[in-house]
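Take a look at these structures.
Both complexes below contain chain A, partnered by chain B and then by chain C.
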Partner chain A sequence: MAKLSNDIAEKGLSVLKDKNNGKLIAHLNSCVHCGLCADSCIYYRSMPEAKFIPAKKVDLVSSIYRRYCTFSGRVFPGLVGARDLDEETIDEMVDLLFGACTMCGRCTVHCSIGVDISYLVRTGRTMLSNMGLVPKTLQSTIDSAITTGNNMAISDEEFVETLEWLGEDLQMEVDDDTAHIPLNQVGKDMLYTLNPREPKFFPLSISAMAKVFYAAGERWTLSTKMYDVTNYAYYSGNIGEAGVIAQRLYDEMEKLGAKKCILAECGHGSRAFRWEGPNYIRKPYPFEVLTSIELMADYIRTDKIKLDPGKNPDRVTLHDPCNLVRSGGILQEQRYILKKACLDFVEMNPHGNDNFCCGGGGGQLAMSEYNERRINIAKLKADQIIATGAKVVVTPCHNCVDQLTQINVTFKLGIQIKTVAEVVADAIVLNENENTSK
Partner chain B sequence: MNWYQWFSLTALVICLGSLILHAVRLIRLGNPKDFSQPIGKTGSAMPYAFVGAMSPAKKESAFLHMPTYVAGIIYHLGTFLSIFLFFLILAQINFTEWVNWAIAGFLLISGLCGIGILIKRIVKKQMRELSNPDDYISNALVSAFHLITAFAILSPVPHPSYFVFTGLLLLYIPIGKLKHTIYFFAARYQLGCFFGWRGVWPPKHP
Partner chain C sequence: MPTLEIENRVFEVDGDGFLSEPEIWTEEVGRLIAKFDGIEDMSEKHWSIVNIIRKNFEEKGMAPMIRTICKESGLRLREIYELFPLGPARGACRVAGLPKPDGCV
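For the complex of A and B:
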């Protein structure tokens, strides 16, 4: 990289010099370099080199902290492994914090001390973001979201057209001319969000959720102005840009006066809006935020929708998105749904809070420069899937769907990848007289 | 008291003072305000963060590395015991001979566990790449502390070198990674807050 100026370095260091962040200070001072986190990392498991050990990634950030923010690091840098923030360190930070971590948090759960490793990686990314060093590929995704309102830069016309034909499709599917996909309606109970990959590449997952809403008799709407549930600035660590994106959805909720914001099947999007969003914009939401997974589970529990598991006879397994499960607490709902919607549901090993990341998290799918690593680490997931003998892999995350689709092709798994809504929509019984195979 | 006892006592005051400053700062700062709506309870996550989540059955860092984990537990027990004994030695409180031998035996084992962990750090290439001088020094100092304490309690009068060494160790604690004595608890507290707030801990059954 080009010579690092003091001004730019200071922008990065300002993140670590926050003397009021007890959480940051606690985690920056806690790692003892025991190295026992290594086996919890999908990068290290796939490519056993020291640089991929999570503690090494932590040390990239904490060694700079020690150098500039601690007495011992200032006086005895060599003794305590304190590093200057220079060009070499920055190159290493970009390569390892952006290119070798999905921020899945598995190492955090298994750390012998309790260091929040993914939080420190994100802190390192924030430093790089402050210095203008976010990989261009990732930054362009964020720029699209900021400038066009969605990360795939889908025009309003294209979006509306897609929804119109999906609406017609829904009418045929449910055999009801009044069925439709409501747009920009004020005062509905729910505003539903989408991952822009849905209108762009996977429109059937929108149809699926529309069918679920139809069956439940829900009062819902989509917005054409702000429907994007994703927030890639969460991945880049740019708090300001993440706040802009979160604020937009907040504003749209207020404008349309919806009571609940329903987050589409998107792991990081759910996390970024539900958990991080209020902190980005520094205020609580006056509305309820739910994932579509929680909503569908509730529909089933309360008999708002009826399912026939016989419509999904193949063996199904579940991939848990890290941000939704390990960092979002949504663990049982998707299992409850799949047990109701499928005849043969089996778990991966490990699963739930211990599940392996698919390899597509942390913005990896947006950073093509790290494609080779992303595919290398995916072997672990491919092996997990093969071991289940499943024909269908369900995951409540469009990012994971993308990565799993590539895994399917690369490792010739011959499986189908579906969202939870697609499985539920397939199992829905609309007509009480319809034959069921329960 | 002799000069070496005064030295170790002064080092203890400096060490404790420094660690208390770290602890007070962490307590004062607390947990950053979270504006999101919780779906879990941090209160019920906290016991899990400090007990359940630390159990070898729950942590890969433990169950995939049982020899290191067991050595680490014994090593830490030996450290706590050695620190406790330092106070007793300073206060000239004595045990019976067989208790002294039992303690010395345990400290010999815990010291050897520490040395074993140090050897692992030296021998394994990946551990060397992860380590800085402080990692070796901290491990070596604490392991030696166990062994020197063992000798001290077997002696009718502890050798002056015991107090000098202990004083040096106490002065080193706030400088390097040994201050995880304090930060370990802060990190686990923060983790309990984070996972408890989001309903991840205590874990639900899938």
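For the complex of A and C:
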């Protein structure tokens, strides 16, 4: 059990004592314990123990709030279910708020009165982060990003060599010696970002996006200084660290003078930079931020790229990343793309705003401590995939790709997992005279 | 500390099954972890990938870039994913006895 001094407890409590945060106070005081959220939660559905019910996680945070921030809780804690912030409480908070929630937000949309449950879970995480209690596997990913500029500590030299290697590959793919992957170019229309796992281990999605940009005749660049689309401090709830990471991409946009920042296929990264970033750094962006999904849909809609769906004949289904879809509202673009790029696209059930999380969100993939639970909750997703009969699962999120890869092996699904860009790149027709394969 | 038991040998691992002490790794340990992941027979190609990863880890303290693995092994990218269905990180690096890499893997 972790030792807790008064000084450290006070750092955690300061989050709840912020009287200017009206949203927090309203949501902390609103749960009516109706229990509707239980069945919405992938943890509770997979492991039906009361502690996994979202309302119980809310109660963990609100009971501390009552103890220290309300008159009745200070005077009669036992009567109002107010709870001391002590060692036992923080152990439970770490276990349930970090270890048993992907912050997927499915409970939030099912809540009978609209309590933003995932926001309250994240508030609990912020308290733990202030107290220095972030699981060390998650914190080390944040530390890598802060100290090296990317969350996998890839050196500049290794990054540049990888991009040059992929550039050569692109020339062969499109049969054009002038094709290349532009680096650090000033004054382009778009700065593209990457998830570091792409250059490190899974570069097919970089090649795919480079081919899409080539086909669209786009004026784009990558930066070697700041290309990391991820922001793991979003998961830990540490707004200060999240702001450091968001500010770097903001600074790089200004330095290179790009008009639009295009976010790679990354759920939490899109949320952290596009939708929450201006709040982290407390200023609006003077440039536009788009996900690559919206950009590709636009290329197709405006005939900038031509696709032959016959090149993707196998049955394809789509996994909706929670941060991009339920939270960000990017719902139709990926469907529009898949219908144009594949012959046989089918939906999972449920899908869209009601989709089940893959189980890897909320930082779960980084936190080995809770691996067993992460695999337990993944069975729901495996069953959904099997029911579609799909051979390919497409998802616009690298974090989901990794969890789905593990689901594929663990539950012996025998499927392929691809990003949206990979499917689009496979369907691209570069030469109008090329024989279509219908 | 979680453990991994394969053929009566017990290894201390993290929650994801990566060795807690990379220095106890031997080829025999690699073979056992691979078997646990369903790779019954480690081929020459499997070993060439694992040896490149192991060498990079011993020299630089981290997993190599996928480009290094492709270049030094002469294997194509897609072949590597086929040889290790869990991918270079959760598959090959784990067989090579490395700690789990940070990030979305």
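Quick note on the criterion: the second predicted complex is superposed on the first by the 435 of 438 C-alpha atoms of A that agree within 3 Å, B and C clash if a C-alpha of one lies under 4 Å from a C-alpha of the other, contacts with A are read in each partner's own complex, and residues count from 1 in each chain.
Everything that follows uses one rule, which is that a contact is a pair of C-beta atoms (placed from the backbone, for glycine too) under 8 Å apart; a residue touches a chain by one contact, two chains touch by 3 or more.
Here the structure is a predicted model, which means the values were calculated and not measured.
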Are chain B and chain C a fit on chain A, or do they clash, once the structures share the same frame?
fit
Please work out whether A:Gly167 is in contact with chain B alone, chain C alone, both, or neither, and reply first, second, both or neither.
neither
Once chain A of both complexes is superposed, is A:Ser368 in touch with chain B (first), chain C (second), both, or neither?
second
Have a look at where A:Thr230 lands relative to chain B and chain C in the superposition and call it first, second, both or neither.
second
Touched partner set for A:Ser327, first chain B, second chain C, both or neither
first
Touching A:Asp116, do we find chain B (first), chain C (second), both, or neither?
first
Tell me which partner touches more residues of chain A in the superposed arrangement, chain B or chain C.
B
With the two complexes superposed on chain A, say which partner A:Pro182 touches: chain B (first), chain C (second), both, or neither.
neither
Regarding the shared-chain residue A:Thr141, is it in contact with chain B (first), chain C (second), both, or neither?
second
Three-chain overlay, closest Cα atoms of chain B and chain C, distance in Å:
25
Based on the A-chain superposition described above, do chain B and chain C contact any of the same residues on chain A, and if so which?
none
Over in the complex, which chain B residues touch chain A? Could you list them?
22, 25-26, 28-32, 34-37, 39-40, 49, 53, 59-62, 64-65, 68-69, 72, 125-127, 129-135, 137, 175-177, 179-180, 183-184, 186-191, 194, 198-200, 203-206
Give the list of chain A residues in touch with chain C in this complex.
137, 140-141, 144, 151-154, 158, 161-162, 165, 195-197, 199-204, 230, 266, 365-372, 398-399, 401-402, 405-406, 408-409
List of chain A residues in touch with chain B within their complex:
20-23, 25-27, 29-40, 48-51, 53, 55-56, 59, 63, 71-72, 76, 78-81, 108-116, 119, 274-279, 281-285, 288-289, 325-329, 331-332, 335, 347, 351-353
As the complex stands, chain C meets chain A at residues 14-18, 37-38, 62-63, 65-68, 71, 77, 85-90, 100-105
